[in-house]
Amino acid sequence: MDNMAAKPDETILDEGIEKGAALLTDERIEKTILRVLNTEGGARIKVYVDTCVHCGLCAEACHYYLSHDNDPRFSPAGKVRQTLGEMIARKGKVDREFMKKAAEIAATQCNLCKRCAMYCPFGIDVAYLMSVVRRITHLLGMTPQYIQATAHSHSVSMNQMWVREDEWPDTLQWQEEEARSEMPKLRIPLEKEGADIMYSVIGPEPKFQAQLLYQAAILMNAAGVNWTMPATPGWDNSDMAMFTGDSELMGRIKRQHFETAARLKVKKIVMGECGHAFRSVYDTGNRWLGWKIPPIPIVHAIEFYYDLIKEGRIKIAQKYAEPVTLHDPCNVVRGGGLHEKARYVIRAICDNLIEMHPNREHNYCCCAGGGVINCGPPYKMARINGNRVKAEQLFAVKARGARTLIAPCHNCHSGLEDINHYYGLEMNVKFIGDILYQVMEKPE
Amino acid sequence: MDALYRFLSGPLAWVSFVVFIAGSLYRLLSMGFLVRRKEKFIFSVMSWKYSFRSIFHWITPFASVNMRRHPVMTITTFAFHICLFLTPIFLLAHGVLWDDAFNIHLWALPNGLADIMTLVVIAGGVFFLCRRMKLAEVRYLTTLSDYLLLIMVAAPFLTGFIAYHQWIDYRFFMTLHVLTGEIMLMAIPFTRLSHMLFAPFTRAYMGSEFGSVRHARDW
Amino acid sequence: MKKRRCFYLTAVVVMTLMSICCWRLPVAAQENMTSVDNGDFGRPERTPSIFRHDAHNEKAKIDACNTCHHVYKDGKLVDNESSEDRRCADCHDLKAVGKTPSLRRAFHLRCVGCHEKIGRGPIMCGECHKK
């Protein structure tokens, strides 16, 4: 049936997939697939596969499909056909080469953004089916090596970036000291039991984006928030295990995060501008641990800024003048409904918001999320080529005057920077927090 | 031919109704039990309000973004499915069978309208067939079973149309009509025609997940 | 030439008229009957059912009129009485009344019901309601 010749540039050599695949036997593949399909998996896999009528209406939902000149292999259902569909049809009797391809498709050709769930007439969740494939490849030990390395880091250090236990408070104290030159009475309160808010961030912030901690500290102090940050592991809200299919590890990470907040007896957890972490603490990790909703309320940065501005706790000195546009991240918009709040915040701090199209729930993915950017350099061009449509969308909004691109999500931010550079967009990619820090009144 | 017709319209009609109803119940209940055993969280997500919000948006023509993107497909698929569903139930000739056999009276479509609706189903089937062969994103997903399903669905309408107009060999097409209709009915629970059973539930689940967890629209 | 054209024309007109007569007009006498009179249906959806009275009864070996032209009194079949002097619609309304079947159902049960029972005779819609 496959009448499409594979393009020469198509298969990317990944050490993690290759080395894992070298150890596979047909029996192990079969056993693992059947375990996931019949023991772990339930009705959703069966119903989705039985209900799909192969109509192809999901195709145009996918940025990979659109960016690859409507190549049907990149359509959501096309990806299922090449992976889980075939595994089910052959009852797990697939070979090593098939599994390598399946691992690559599931890990690097789908961002689990769930846009296609809004285009399928039946609401079939292809992102979920791709997660099932990732689960199988995880159990077969063939996850791409870069993202597997971050999962290892989670497992050992409970953070994504191998930040050592002493480095973490050290970094916070360093940023506290830096920020005190601007706001002399500023504190980053560590381990303050009974604070209203625990602020949690993702591993890359202390590792190489410490200025984000600085900005958050200025904001918290200016707004007079009763907040704290933990000095122990559990400060990292990120979760690459959710994306590798390592559900057990995901559970460990999320438990530690929630337990840290519980130990500090905070009323809620406020998290930085990260999308996947929101998905993990708000939707996926909590459910794995048996909580329908997070045991401690989760407030994403967008919602937190919204509350601060609405309540007048932050005053704007002078609005950001350069015209901005907003990229709606899948995990907080399609996954959390924060699109109108984000617009409220941006209108409060910026003079001119120019909408890109499509927007809100229908925005195109950044092509970095879902763990794809975490699969590292081998797949950088796959991400960039796989999201030409994003560049086209951004060029269109730039033509209408937008110069700054706001992306309130770490993965989106990094992915859009790559798009920005490669396609020569020359836009300024910023977090909402970057602009908020810049335009807010900072009391002495 | 008479003996065959008698068998098809007698015992096999009963068999096909029993297979259809019992098979559908079996599929739905077994999926329900599977959800209870493996994915209980689904029940916690489900919401009547958001289920119907989503279903309403997807059974209303042009109420979703994707429907507006494909107007010809949207019109065809709505016309096809509405006619596919209503014609057999409200066809006068079928109503007469219910009336004669069980003294059950059903409202019936005028013959002329039913004739047009049958043509709509056949034309819709031809459209889907062309789409399947022409569009790369559909062709890529297509397996032999997709063609067989299409034939299976179109056959009772095509044979019924020929028989109604008494073209060619009436008795042959009448017999074939009953047979193909019964095959289709029995196939519903056990082939991908089961989207008829499951679509309301997959839609309701996605609607509930988007509504009550994600606070976003799913259309 | 002209004569011949006239002849053809006349022939065609006569044949057409004859066939319309045979097809459309209900024939009063039973021996000439070719179809069931469906005039009581208002706007019938189907063609009148083909029925050659005498040929049918000869073939089916039906002697007693009340095999079909029956009489019911108080829900019970009355032996030795027949109703060929009346129209079916005199008893059978378009809609069923109590235990009395509707006119359409009465016709169908009378014809197809019997054919089903004895295993002979047409049972498919279009075998009687010819286009």
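Here are some notes:
We call the chains A, B and C, going by the order they appear; numbering starts again at 1 in every chain.
To be clear about the criterion, a contact is a pair of C-beta atoms (placed from the backbone, for glycine too) under 8 Å apart; a residue touches a chain by one contact, two chains touch by 3 or more.
Being a predicted model, the structure only gives us computed values, none of them experimental.
Interchain contacts link the chains end to end along an open line, per the touch definition above. Centrality by C-alpha centroid: the chain sitting nearest the overall protein C-alpha mean is B. Centres computed as Cα averages put chain A at a distance of 77 Å from chain C.
Per-chain CA centroids place chain A at a distance of 39 Å from chain B. Multi-chain contact residues of chain A, defined as those touching 2 or more other chains: none present.
Residues of chain B touching chain A in their complex: 31-32, 34-35, 37-39, 41-42, 44-45, 54, 58, 64-66, 69-70, 73, 135-143, 146, 149, 192, 194-195, 198-199, 201-203, 205-207, 210, 213-219. Chain contact summary for the complex, chain C toward chain B: residues 45-46, 96, 101-102, 104-105, 108-109, 112-113, 116, 119, 123-127, 130-131.
Considering their complex, residues 1, 4, 40-44, 46-48, 50-57, 59-61, 65, 70, 72-73, 75, 77-78, 81, 117-119, 121-125, 283, 287, 292, 333-339, 361-362 of chain A touch chain B. Considering their complex, residues 2, 5-6, 92-93, 96, 99-100, 103, 105, 110-111, 163-166, 170-171, 174 of chain B touch chain C.
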